[in-house]
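Labels for the chains are A, B, C, D and E, by order of writing; each one numbers its residues from 1.
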């Protein structure tokens, strides 16, 4: 939960519009993927920061410039100059705890959101900020690290299957968004599985360490919630946005995307409900166990404390205790004690404690 | 709760508009019911996927094409081509964890919702996605499995009783919706009965296994809630929708349907309240029982622990304990113990613990 | 809580617009009260279902047709035909778990709501559905059973006191609504009294059976809530409704009525808050009592268990226990035990447990 | 909480617009204060109900008619006739559990709200309904009892300090409202102090009687909440109201007043949060204390029960128990017991129970 | 929490528009910083209250008048006269528990908000009210005390780096707001760190004193919440405000600022969620510990109470107890007791209590 505020702090005290990368700086060099395609042909090139002059739009082709790494602020600034992107937008791109949003520039569209994924099929869920710029003839995407969820987009571009190659930049822009949104489903499913496991565990063996897992999922869902509600607004704004850059046909797809974000939010809220239920169940299990423990103690104590008292009576050393002299005293007492024992057992049965 | 996300996952990584059935595939073959009727006559035919060319609208008649099974994606695609349905709509039809919604196509209306039912009068509540297309002269319905809640519609078509045969496609479309919405009442009543039973059980014998039932109903109501709120929006949108396909007279019926969805939501929220109350009641019962257990333990321990101590005193082996020599020592002590016993009982009575 | 769904179920599987009475059928015959009045004179007649032809509007007079009992569906149908009421409206009249609402017909106004009352000054709160039709020159009211809260209206009509006789059908329509709304105040006051009693009881003797009463009131308030929020919307719609049938003067009264419904909702929500507080208080009382019980047990056990141990030591049968031979051994030990006893009492006092 | 419904009940069963005072009737006679002032001079007169003809507007002067006591319904009716106030408004004035609201009459403005105060610097918080009428040239105020919070207004009128004397009726109307709203701050501060005390008390000695105080404040805040939210709406409506009676300059002051009501609501909601926190703190204190009690019991029992058992072993009367014959048997056993004792203490220390 | 109401009280009973400082009065003298700058040059002067005539706008330059201390009401009044600020605005400036808001004056803009900071890098979070006036050619800021968060603004003015020197008053106005808003991030981060510490502490050693810290943070976040929601509205109003004083370019920055306030609110709500989770965790820890304690007690008591009873039996002094005479009686009994002991241990293991 603290991630957002921790990143932001590096920026406090800096004039607005100053470009400063607030993410972590483990990526050494910026890598650039450059796709040019139309329906007939397609080319992929790998560039680095020195190839900035080659990153151009091509007439009648779709260009996708996919930039990995935001550590070289100077390069991002040059990209900004080259494509005439406002410095506040550049600031948002570099400020990696940005709230998802959609902004209209003069001749471009800007969208920033969180890409979520569990890389390498692992269990660790990673979140990364992705910024997209849609301009006449090209889409620019900015990612924090190498590694993303866009492999299926790459496949579709290369294999010329599907509609992607036949359509324009707006459809590419939509496809990138759609892929990222679809990955939320995967993560929610992962959470769903974990919650189901936890639910079983809580019913079978309510141990305190379950709480820790529960809280991890809660934190994950809470941070997802903070990403998804603004994302919904951003996609909604995109849907209503009137621009020559987005065709009416693509609008239909964006409406579909909006439906998907609604569905994700529904799922997420459902998981949050489940989480609350599991927590309640855990608390109830604890209560039930407590009751069982107390019942055991009470039954044992209630049976043996009076019996021990009786034994104590005949353990007293008074000189004149006539019972002690009777030959049948001992067996009669034992029988009496068995009666008490059986009576108390019956009493507990009647009370449904046994 | 996990059902939705589990189904969806099969679709991630597929280009948008690609048709892919995400439900389970137990239905081997697609079956098609074909109804043609007007006020005077009525015909029912059973077709299969090879009869696609016979699925046509008939002048001045109402046609209902009821398709069971969505496993044959190719067939659904052909239906889409034949009736000019947008591929995104077809995708929604096949994507069986679709959020209920209403969409306007070029010359058709699309509505998707969940049909809920407890088939064969059983207790198991089953949910299935139903998609409806209203076009000039025909209604197409898509169901996942054979078996639905439309028998009363079939009866009304065949028996020529009621208004159905006298009215157009819009009324048929409405009737199908209305039947599905009415079934929610049945399911809510089932939940209501179960909750009433649970309420009685909680008051009489608050056992932990009740919690399990409670949670099942809660999950059921939660998933119903996720279906009903979007359904309300969809029906509300339908009510406001202006189209030549829906007559003003049918609009009145749709307004009535909208009222019904409001009523269902009221009932559902009421049941959710009841469920919360029962849970609270359960927790209180547990607390009360705990109190009773502790009270028993405390009374027994508080009475006998001091008495046992006294007996312990006179069980000591000191050589010079004058009381032990007194002839009346033993009976006096017993009387003293009885006094203590009676006094403590009186004390507990005063404290209202007995 | 289950009442609503239980009634509705009888209707599932019936074509929309089919008239079917869903309430209970204990009323044998339908009774009709027929009032005709203007400022100068007033007439009251009792009719039955065969007198349907006499139920007519009278020029320049106000006519109120008050129908008790909805069991004779045929008669309601005839009333519908006679006064040209849409079959969906008739369906709502007969469907006795209708959500409160206001609907505009072609030349009439329809309003349905719940009349609430505690008949015969008793404690049992009864709810009944009342439907009102306002047409040019007449008001028709439909009730489920004989017995209502309209006696004060009858008095005002007969006694020619007040404004009622001087005003038109719109004012009569308003007066009927107003009387029913005012009765909610009475019921809320009854609940308020019960809650105050419960509050006292919880503070004085928090017994589990209080919970049962608490839940009854909660169910009552919850069902009232489900009636009142839609009622507010219905009255609000009536206030905004522009029609020649409702004079501007009466509009002022309807605004006043709207204020009353707001006030009732305020009161109801206040009672619901109180109820929550009482429940919380009960839970706290239980906790406090538990604490007191545990404290008693702990004090007794903590004092006597160590003392019993010491007595046990000197009850051992070792041959060589020098203390046992000392003449002063016994009194010294007793004094030592008294010291321990006093010391522990002081300890508990310091801990504020005594 | 029951006050509202208790008052209202007297009115049920009475035709609407009938004037009936629903407050308590301890005030014997109605008193009237009559202020006439302009910038230059100012006059105050005390009238009673027989002086009704003297209660007139004066050209170019501001007149404030301040009426104490609502028991004489006839007089209120005459006032209504004299100043042409609608009977429904008069009804609201007399109905002393009116929801705060603002209404526009033909040529007057009506505002009703609750005046809150702790008279005589005491701790008892009293609430009273005040109705204000703003008409061309005069302000009429209706109060239930003698004694109000308007002394500072009287001072300003008499002393000719400040703007009041220089401004018109609208400013007087505003000043009366502002004074009443400002008094809410005082009461909230009083509650704030009490809550702070309770907070300290809960931390130091969590006794059950604190709950009683907590609930009193909760009831007070809840009833205040029911007054303040409608008041906010009423002042908001007043701010937006366009009328020749309210100058643009006074509008600025009313906007300021609206800000104040927002601020009061913020404070009130803050106090309600605090109250919830204190309650939670109390529950946690109870839990902590319970834990401490149980810990004490467990430590004592766990140490001495096994030791007592060992002593019990050697208290048995078997003829052949070799240990009993050993000369060192007794001291060895004592040392063994000390070991057990020390070991258990160490165990509890490790578990952080000591 | 009580701060707001405590300050306000000093003002009750004072005519509206009367200037009265409601903050604390520890600042002896008012200090004024006077900045004049354009792109080329920049001047800073320190004035006191006697230099009021020197506080003028300068043609084609940006003037920032930064006033520390509000104790000299007369001076504030003179400032108000000099710059034609409405007395209600001046009242808001002096009333130091003002709700954040934005108001439009005739030819100026007024904005009041809370500046939050942890001065001297310390842990104590301090809040202070800051009022800003934007007029043609100058910005006036009013602070309660010396010491603020504007050092970075001063640096930027003096160093001529960045855009500040090149832009107008609107950008300065924005920069001051932005700096204050950015400081909320710092404070939230501080809270975040504290919560993380508390989280660890709760998991490791759930001591009651943690609750105290938790409540302090809760109070801090609650008061921040009361500041931030109105701040969001104020900034939103500023963004929508059309005025010649604010250039379109600056509008972009204000939109960015609005985004920041949204982000702060997101963070704050996230922290509030975390806080609730930690509290829940604490309650669960307490419950778990209680369970562990009870389990220990129950195990010890359940094992030794029956054994002690058996020892008690053979401690009785009956003359005829044959077992006591058997030579093997004692060892057999000891073995029997070991069996019981082992059996109970096994029982507890099976129940997973050990």
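The rule we apply is simple: a residue touches a chain if its C-beta (ideal position, glycine included) is under 8 Å from a C-beta of that chain, and two chains touch if they have at least 3 such contacts.
Owing to the predicted nature of the structure, the values given are computational and were not obtained by experimental measurement.
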{"item": "Self-contact between copies chain B and chain C, residue sets same or different by half", "value": "different"}
{"item": "Copies chain B and chain E - rotation angle from C-alpha fit, nearest 5 degrees", "value": "145"}
{"item": "Centroid distance [mean C-alpha coordinates] between chain E and chain D, Å", "value": "27"}
{"item": "Centroid spacing, where centroids are CA-atom means, of chain B and chain D in whole angstrom", "value": "43"}
{"item": "Multi-chain contact residues (two or more partners), chain E", "value": "287, 290, 294, 297, 301, 305, 308, 312, 315-317, 321"}
{"item": "Touching residues (chain side chain B, partner chain A) in the complex", "value": "1-2, 4-6, 8-9, 11-18, 86, 88, 91, 97-99, 101, 205, 208, 211-212, 215, 218-219, 222-223, 226, 230, 279, 282-283, 286-287, 289-290, 293-294, 296-297, 300-301, 304-305, 307-308, 311-312, 314-317, 321, 323-327, 329-330, 333-334"}
{"item": "Contact footprint of chain E on chain D as seen in their complex", "value": "152, 156, 161-164, 174-175, 178, 182-183, 185-186, 188-189, 192-193, 196, 203, 252-253, 256, 259, 262-263, 266-267, 270-271, 273-274, 277, 280-281, 284-285, 287-288, 290-291, 294-295, 297-298, 301-302, 305-306, 308-309, 312-313, 315-321, 352-353"}
